[in-house]
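What follows is a single structure, and I will ask about it in a moment.
By written order: A, B, C and D. Residues from 1 in each chain.
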């Protein structure tokens, strides 16, 4: 049990942070530290999703190694990696989060991002009348994550968006302005103080494939499936591999996450490796948040569709070839080149970025001082349950709605029914 | 198996309508008819939630009696009626809807309203890349339904809102204007053509308690729990019963739905009845949609917090005493008097409404010609999967976001860190 | 959290007792007391199934009122009361028990009886390598409980059967003789020391219907569905009600449990009551274990198919009309008359038993000193995991098996293949 | 949908065969053929568990390639490979099988073996009142499979045991003699008619690692976790790898199944391979049933704990080094050498078996003509639901039970309570 439970636990605000994958932990680590340092807060930690899976490197162990107490570990991933299993994992996750929340009785649940595991936690908390704070709301992207993110916002009672645009979008979506507590992604905090301690040995003691010399130029590839185009992911990753094979530059590739289609990507990588035994490709399962960011800070070019290529790579000025539409619509800075998931386009993008070299640092996604602000917000916010679309608290303009109604109806109704409808309308 | 599967089933668009309670069916019946009449559409029907439960009058039987083929009946309600069981039922429902969708392979899933069962169907469909059309989005109310409704909108690809304000709100929330297909609630269609065939016998052959003479003045009471104030529902329903007991007017009361807290309401009613054996109170479990609306059209005053008291009662001009905050924020017409769930206030509201008598008919929630428009929409809409917050397709105004950022940060950061933050910001 | 967790909790053996319905608690209460009195044991209590449901009188409250700490309350009943929902509730229960066991980390799980909730707990514990002790194994009955009971035995590591025949049957089934720890049902312990404190008021303040005067002769009816004849239960309970209506003797009837078919039984009772308003029939939801047994000790005749009519009624010498085949095969003493679920037979049985009056007390199911023996057993048993069918530790008689093989094959194989098979056999 | 549904499907007996892993299909393929050839039977096929997982080679594709129609594919494996996830997968599987059975409405469900997925199917079918036929009941082994197997027998209405001893054990366990329909494992049918068509290319086009020349001596290794000794599996597989490394003979190793502990085994293999890059070790995920058996027929020695090493290897006379206690208690012929999971013992076993060479063919587990007998049994058996422990239909010997009771009680009760108990007993 969490040591913080002792002492004057009764009076502390119980803040339950949910971690559902390696990337979550990478971003939230500064927040966890900041929460534990606040005497008014008691940290509760739930590790779920791929955090607890050996197949994904058992990242929960990193959390424990860093000295955090993990209050609940839950297993929610149904094997299969199809859209149907993804839906069922979501359903199962709601059940399991409900059990944990019933046990831990948090005052606030803190979620980050847009994964279905986070959505499941939001649903469980909301239906159990627990106040929710959400980090990274209001962003725009592709895949089903786009809808999941906004749905989480609709259940969240407080928001910590990462960019000014996101904050603005949340307000436009009807979230109460007072519920939006500051701006910035906490991963910028790690980036800000990052010391480069990583060595080639760290990389070469993990994963499989030929050794990598990180003192020489190398590439980093992370490519996840895009659920909304399930079935196309194999061809897409083969496009990346073809472009890489042409370049023959030493490359570190991380295995994909667990979304629908991931098994197809993994299979394509394994087949490529078994067929061609590439001397330049090393595959890894899991890295600590710091080591991942150190790699990202140092790599010649990052290739793929991880959202960290948009956020964190910008802070480092690392060139990125962003492949496909998984991040479509997300705010990016100039370090990013968008390409379609086709070998020729990826090659062209790679050549362009390698020629350009590093970019200036961008603080679009945070100034490196975010976690303290979030922790302060968690201390000062007032938990409440009943949300309402904020529009109703603004000036009433019923007259205008009536015109809009006419507009809508007119636009849609054609032919012989239209007149009748118009007559029937008030 | 659905008879419509025969013929040129291959080329028809499979429209899967999800019914999760008696009220859903009451509203969607005209839509079901209109869909079966379109040669381009093949109707698939799933009955879930309380639709299939004997304890709730087994309303799926009404659907079959009306000649519809039910393709799937699923059981998703975990007993307990607590916030935690409600969350778990939601999770379980996602699993079960995923199984049904995998089997029925619909092209479009049609959902109505804001219940967790409908949200579960939306989640399953969305993660399985199935296009979703949602009826009654954009409204505002109390309880967790408020968040569930907007979350469903965030997963829905097309919208059939009931009012002009709702349509406008959906646009403001970032839904694409082209995805909003007309305005109006289909329950107005039933109301428009309703013939009054109901007799006292219909009522007195159902439920339990003393007989009701519907040719004389009577009241209709429907009171559901408000999840977000779980624990208070018992006192609230006792307030209603106390007000009714003072009035001693003959009353038909429907048992509550299955949301968290419902068991407390049922218990309070049963205890009241056992203790006082009121000669004026008859309790019912289930009515056909038409009979329910006929009662609502005829009743002297409706008391409680059903959303049909806002929508359908308005069309009939039936006076309503709206109790508590479950419908808070929803557009209402002048037939509604809001009161707090306290006996004295309810009594005052009842006296006022009984004195006033009937109101003029309102078409705020539809003109009675809605179902045809929805069916036309289902024929003409183009299924798609990848949604995106519509804001990004509008003019970019990054400069303004930057100012907003400053604003947010300034508002939240105080003390010695503020200067540093400002310096660090771009 | 359980107070017993304090002190030298580390060294105590954690005994997790699972209660899944009112009857479970009725039987296990003396065991719970005996366990708490053993310094070597730490009691953990899980209340599941109908124990936590308001609709069933929330019996977990009785447990708490008696001073026990309940460590986990889990909701596992999917509404519907059909064979499919019963199967799914079982599945869901396995998931939920696994969560609880992971949290409570018991050394031994103690189960009683043959309900699917107990089976679910057995499955979760067994697959999680937790030692299981089972009470009431080796009995024979009807319904699916028959198979569930023996399946639990096959997962249980230790057995506390209720009768000598049950103990013998467990050995014959291949359970290790040393794993069978004594004989007797702990409900006899309550029966042995029962003081009759119940008054008519206790009954008349619960449930609904006309008042009962327990100083005058009355009947007690408990009739549960028999899953294996799902669909027939309505006609059966109507048979009972018809026989009772003929007799017009004051009657206390308990609502059925939650098994598939229960909703049909409840509906039949409600319809009977609404139609005939019987002046002799009172229905109850929940009684404390002691009050239930006091009624059973005092009633003129018990009618129905509860297993307590076989066990506990025998101890009291209460006449029983055992209806249908739910208890078929179970050891009964002479106080029981078996009848088919037909009104005429039930009437005949009732007349016979009312004429006979009380029987001599039977200790077939226990001598009233059982709980202490069970608690001693829980202290002294040695937890282990790997079971094996005990037969293999007996003398090998392979030769005989070979003959049996011939026998089997010959019996089944006919026609032209038979000779070939015989030739092919060793 | 299954083509067999057409024609006079109404009158056919629907036989639903459940396949939960590659090995299931390997054994049941002759039965599937025999069922499709019977005009009285209509085959329904459900593929579940690892059958549908890409990570396990997607074996359901083999089934389809062989011309069978698969009526349902269900995903039931929760990732994690811990005892708790195994329990939860079991629970989830019950839910999913119930959905499929509700849809397919089989007259008989046919199950094989002792995996938790098969147990889940048995539970769903039994609680849904569907008749169950079970293949391979009555055997004895280690791990939790031992209990699962006997629990399935307790739910099964008909039995097709593989050996004479198993048939005898089923009778002793209380199964009705008439419900035991013949003897023999259908995998012997494949073995009987096996033609060796496998080439080195088949092997070398699958999996990863150095090429194998199957015209030269080679080893086959299959090592699954033993759930009941969860946590020890890593050390055990390292023992095997150490023994193999000493021998340096070319070796084909199959990845383990999905039971709790499997991830530890996989990790140990991957680490061994990454660390030592053995030139003699090829790892495979999936083989067709025939190719697997051809390998088994041809291999110099099989090493590990697969039950096929006991059954099928015996038919071929292939030497086996059986490692650990997963098969403890199972009938084996002389081709098997049992060793502890320690490198030195495994080495010794390997040397002994390689020196001995092939054994005579054994028909202990079947004569190669089993599938026809099973199909005949499925035609002629009479479905029923209500089982009862068969002992009660034998002569009653209550007197003896009473003595047994004394015996049990005396054995357990010591000290000051013993006298009192003895006095209290009848």
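Going forward, contacts are C-beta pairs under 8 Å (C-beta built on N, C-alpha and C of every residue); 3 or more make two chains touch, one makes a residue touch a chain.
Predicted, not measured: the structure shown is a model, and the values here were computed from it.
Engineer: Relative to subunit A, which chain's C-alpha centre is the most remote?
Structural biologist: C
Engineer: Pick the pair with more C-beta contacts: C-D or B-C?
Structural biologist: More contacting C-beta pairs are found at C-D.
Engineer: Roughly how many whole angstrom separate the Cα centroids of subunit A and subunit C?
Structural biologist: Centres of subunit A and subunit C (C-alpha means) sit 50 Å apart.
Engineer: Approximately how many whole Å separate the CA-defined centres of subunit C and subunit D?
Structural biologist: For subunit C versus subunit D, the centre distance works out to 32 Å.
Engineer: Centroid from C-alpha atoms only, then distance subunit B to subunit C, rounded to Å. What do you get?
Structural biologist: That gives a centre separation of 42 Å.
Engineer: Enumerate the residues of subunit C that touch no fewer than two other chains.
Structural biologist: Where subunit C meets two or more other chains at a single residue, that happens at 84, 88, 92, 95, 99.
Engineer: For the complex, give me every residue of subunit B touching subunit A.
Structural biologist: 83-84, 86-88, 90-95, 97-99, 101-102, 116, 119-120, 123-124, 126-129, 140, 142-144, 146-147, 150-151, 154-155, 163-165, 167-169, 172-174, 180-184, 227-230, 260, 325, 328-329, 363-364, 367-369, 372-373, 376-377, 385-389, 391-392, 398, 400-405, 408-409, 412-413, 417, 420-421, 424-426
Engineer: Under the stated contact criterion, what part of subunit C meets subunit B in this complex?
Structural biologist: So the residues of subunit C in touch with subunit B come to 52-55, 75-82, 84-85, 88, 92, 208, 258, 263-264, 267, 270, 274.
Engineer: Would you pull the subunit A residues touching subunit C in the complex into a rising list?
Structural biologist: Subunit A reaches subunit C through residues 95-96, 99, 103.
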